[in-house]
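Across the two complexes that follow, chain A remains constant while its partner is chain B and subsequently chain C.
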Partner chain A sequence: MISDRIKNGAYYTLLWAVSLLFFTPVAWIIMSSFKTREEILATPPTVIFTPTLDNYVELFTENQNFVQQLINSVVMSLSAVVIAVLVSFLAAFCFSRFKPKGTNFLMFILLSIRMLPGPAVILPVFLMFANFGWKDRHLPLVLFYAMFSIPFSVWILKGFLDGVSVRFDETGRANGASWFHIIFRVVLPQVKPGLIAAFIFNLIFVWNEFLFNFVIGGVQTQNIPYALAVGTYSDGGLNWTFIAALTSVYILPPMAFIYLFQKYLLAGMTFGTVRGEV
Partner chain B sequence: MSETGIVIDGVTKRFGTFTAVDDLHITFADGETACLLGPSGCGKTTLMRMIAGLETPSEGRIIIDGTDVTRMRPRRRNIGMVFQYPVMYPTLTVRENIALPLKRDASLSAAERAKRVDEVLEVIDMAGRAGAFIDELDSGSRQKVAVGRSVARQTKVVLFDEPTTNVEVNAKLTLIRTFKEISRRLRQTAVYVTHDQTEAMTLADKIALMKDGRIIQYDSPATLYRQPSTEFGGWFLGNPGMNFIPVTHTTRGLESPLLAAPVPAPDRLGSGALRVGIRPEQLQAGIEPFEGSVKAEVEDCIVGIAGQLLVRLKVADETVKLKTGKLPGLRNHDTIHVAFPNEHLQLFEDGNRVEERG
Partner chain C sequence: MSIRVSGLSKAYGSHSVLDGLDLEVERQSFTVMCGPTGSGKSVLLRLLVGLETPDAGTISLNDVDITGYSAAQRSVGYVPQSFALYPHLTVRANIGYPLKLAGRPSREIAKRVDWAAGVLDINHLLDKKPAQLSGGEKQRTAVARGLLKDADIFLLDDPLVGLDYKLRERLMDELKSIQQDLKATFFYATSDSLEALTMAEKILVLDGGAVVQKGDVVDVYRHPTHRRSMELLGFPRANILPVERRGAEVSAGPFKLDGAPDGAALAGLRPEAFSLGDKDGVKTRATIQLIEDLGGEQVIYAEADGHPLTWAVATHGLRIVEEGEAVELAVDPDAFVFFDGRNGARLNNPAAAPSAEAAP
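Let's turn to the complex of A and B:
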């Protein structure tokens, strides 16, 4: 009995140790955001220090672009993801219910688009955006992000929708419900975990997106990853106070989001294969 | 087309190479309850789904009250449908579930809606539980609410797709009583799919007996039971089904080793295989020989409901089923005597009933 307890204790200690080890960089950057420049770079690192909010004050007040960049990030990711999830849900519903000819092939194509590395398409996309005058405009960029998020969402959501019995549709249809009612009032509530999972996955993608923002975005549409990449070297060396404060602000929203919805995230990773009887 | 009710006009439905419903012609009269009865895979559910609009016929037309609805969307057809599995809004109460579809109908005032819901709640005997949530109900009550919801809209047609399949036995009886009450009160045209003959017998004004995508016979329950048009009908209905005894046509009439005396044959007879059918409960039986009886050996004996004995007999190399309440204490290999009363015999030629026997 006692040896069991010791074993268990050792086991959990190890797990905690590994977890904390992986968390160290995050902890370091957050701690650094409350330090002065000298404290950040001190060897040995200072563990005990007087926290200061100077870095944040500087970030929000003296950095002209930051607020705009933060708003861009939030607005563009949210709107792109909302559009993507809505479109994907309807597409997945169609694939799941009407099974158009070649559904499997189309689903394969959809997924293969997602496999495509961003840099492979960056040139044609840039030319298109430049020629159509879409560069540095919010809506085209939002739609572009949505387009990039849709394939994977369709995959997630189709799995969930396949799990919702057609009995629901048929009961509705044969009793006078419109398709709109069936899709949004009867079926949608049952795939909420899938919607939230798709939402979070896409949010992480768009939130972290740098390449396309850098190439087809511009002054108006800069997001935080762009700010981070560009601002890092702004004063000659590595601007550690800027990096620390910016990163802390940057990782907070997705972390809060994931913490709140982590159970759905797990459901999403299993592609809707784990689901209750309907 | 001024005909009311549901007219099925030459409807065929094929799934790939399989023909589920084969060139059907049938009319379900206005205000009547028709049961589609038949073994699994006979096409009864497919036919119903086509009436509902959940499937489109490969050929033929479906006309409801003179309107061709073959290509019409389900919600335009003025139908309600109850399924095997009751699907409800779990977050709404019984009352709200029934009221929800009514909200689509803009011609109804709120007061009228409430009145209708009350009426339906009373018919399905759920008025006392109107405020309950669906999760709190057992499967039978849920199905009742589903029925209520489908009839509350007062559609022209209500379709029932084996609604009692997933309901336990006691609740089933209550549910059937509810169906009876509903069809008596609301006089909607109802089509009811079932594979349970007792249910069909209880509920139907007319039963359509189906097999392999075709309708074998469409008659009132009593006629269907007493005068099946085919051997299949005789065999399928009744528990157990009809006995069939091969007979030969001679100058003296119809003869068989099982029949003590030849039976008069009808005037016109073809050259097909002849068999006479008789229901197990119509056999006469006794321990001692009696007039017109033949000897029979008991092969197997099962006690049924209310002391009824279900006996498998060997009579002159034929196996015959007998249902009787008169012979208690029968044991296997006992010898008894049975007779096949003339007036109950029905003649079939090649599986089809021969009318007007002499």
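Let's turn to the complex of A and C:
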């Protein structure tokens, strides 16, 4: 009994130690956002300091682009992901229920699109956007992000939909339900964990997206990763107060989402094939 | 006719389940379809509901050809073999689902849900979610939902399978009286002879995707014209013994017979046909292996010459034999019912009844 308790204690101590180690950079950047530039750069690092909100005030008031960039990030991420999840849900429903010829191959093709590294397709995508006049416009960029998010979502959702028995559909049909009713009122409520998992995974992807925003976006469509990359260097050195405040604002939404929906993330990572108590 | 099916065929790949099936179900009748597992009962019901599309043939409900109609366009109540209760809805919402879909006012739904829940004795569960129910409770919820459809044809796919004995008996009575109250056609699939004998007015025996016998349940029980009719109806199950010929000698299981019709491969024998060896008839030595005492009646399992025999006898609580005892069993030779080896049809004297008279 006692040795069990010691084992457990050691186990949790180790887990805490590793977690804290991983969390240190995050804690450092968040703490730094409340410091002055001198305090950030001081050696040895100051642990005890008087917090200041100057960095945030400066970020939101003096940096004219930041508010626009924040809005861009929020609006583009959310709309791209909502479109992607809706389209993926319908696609996954078809794959799962009607099993068109070549379903497995189509699913493989879908996932392989997602396997392509961004730089491999950036040139043709850039030429297409440039020629169509889509550069620096919100809707094309949102649709592009949605397109990039769909394959993975289809995979997650098909796993979940396969876990919902066709008997549920049949009960609806036998009682006179339309397909619309079956898809959205019968099946959808049962794959909520999958929808949330797909939503969060894609949100994280679009929220962090830099490369395409940099190449096929423009002044109107800049997002936070773009702001971070571009604003890092100023007045001849690293702009630490800017980096710290911006990063803190930047990591807050995904952290909140992940904290709120962490149990669905686990379900999503297993493509819905391992159905835990969610 | 309430349901009329003609030439109905359905195959899955190369596996043919129904092959040119014809059947009729009378209006407002309680018709039971009896058949062994895999005889196509569920597939037939799914075709009638519209969940499957037939390869050939036509289906008419209430004299309207609805073969090409979608499930939504056919007005039939359906209790599926799987419960398929919606996990995100309460029991109350699950039961009221057909009415809700039909756009009924919520007061009417509430009233009728209460009625159905009362009949099936699940009032206390109405606010629970399906995950909180036991298997039997889920089943009763599914039955209640199936009955709450505005339809005059109800298809029930083995709805009482696996329920405990007392509940099943009560629900059999309830289903029967619901059918009479609703003045609806109940078409009920089961492989359980007790359910068939208790509830059926008309019975259809299905085997290998075809109707092999139909009629009033008592007639079918007394005059089985197919081996499946004899096998499936009657509790305990009838003995089906292999018929063998060695030269002039004919035997059915352990019994030596004077003769059998040409082509007879199987001989059916009701469990009630046996008596102890002091009576006249064909005889065999048998060893008693197990005795189930049902109170007034005993079901005795014996073995004779490698053949298991089931013997049901009213003993009024007395023990006439003991387990392990070797006894001589006698059977009236007229009690044997012979069936064709190829198609299972009855060969001898189809008009005469087997010796056992009373249905249990």
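Going forward, the second predicted complex is superposed on the first by the 271 of 278 C-alpha atoms of A that agree within 3 Å, B and C clash if a C-alpha of one lies under 4 Å from a C-alpha of the other, contacts with A are read in each partner's own complex, and residues count from 1 in each chain.
As a working rule, a residue touches a chain if its C-beta (ideal position, glycine included) is under 8 Å from a C-beta of that chain, and two chains touch if they have at least 3 such contacts.
Keep in mind the model is a prediction, meaning the values are calculated, not measured.
Engineer: Look at where chain B and chain C land on chain A after superposing the complexes, then choose clash or fit.
Structural biologist: Result for chain B and chain C: clash.
Engineer: In the superposed arrangement, which partner chain does A:45 touch: chain B (first), chain C (second), both, or neither?
Structural biologist: A:45: touches no partner chain.
Engineer: Between chain B and chain C, whom does A:170 touch in the aligned arrangement: first, second, both, or neither?
Structural biologist: After superposing on A, A:170 lies in contact with both chain B and chain C.
Engineer: A:102 in the overlay: touching chain B, chain C, both, or neither? Say first, second, both or neither.
Structural biologist: Neither: A:102 stays clear of chain B and chain C.
Engineer: Going by the contact rule set out at the top, does A:190 touch chain B (first), chain C (second), both, or neither?
Structural biologist: second
Engineer: Name the contact category of A:178: first (chain B only), second (chain C only), both, or neither.
Structural biologist: So A:178 meets both chain B and chain C here.
Engineer: So, A:118: does it touch chain B (first), chain C (second), both, or neither?
Structural biologist: A:118 contacts neither chain B nor chain C.
Engineer: Please work out whether A:25 is in contact with chain B alone, chain C alone, both, or neither, and reply first, second, both or neither.
Structural biologist: neither
Engineer: Taking the stated contact definition, name every residue in chain A that is touched by chain B in one complex and by chain C in the other, in rising order.
Structural biologist: The answer is residues 165, 167-168, 170-178, 186 of chain A.
Engineer: Which residues of chain B touch chain A in the complex?
Structural biologist: 52-54, 73-75, 79-81, 83, 85, 87, 89, 101, 104, 146, 149-150, 153, 155, 159
Engineer: Where on chain A does chain C make contact in their complex?
Structural biologist: 165, 167-168, 170-178, 181, 186, 189-190
Engineer: So in the complex, which bits of chain A are touching chain B?
Structural biologist: Its residues touching chain B are 165, 167-168, 170-178, 186.
Engineer: Residues of chain C touching chain A in their complex?
Structural biologist: 49-51, 70-72, 75-76, 78, 80, 82, 84, 86-88, 97-98, 101-102, 145, 149
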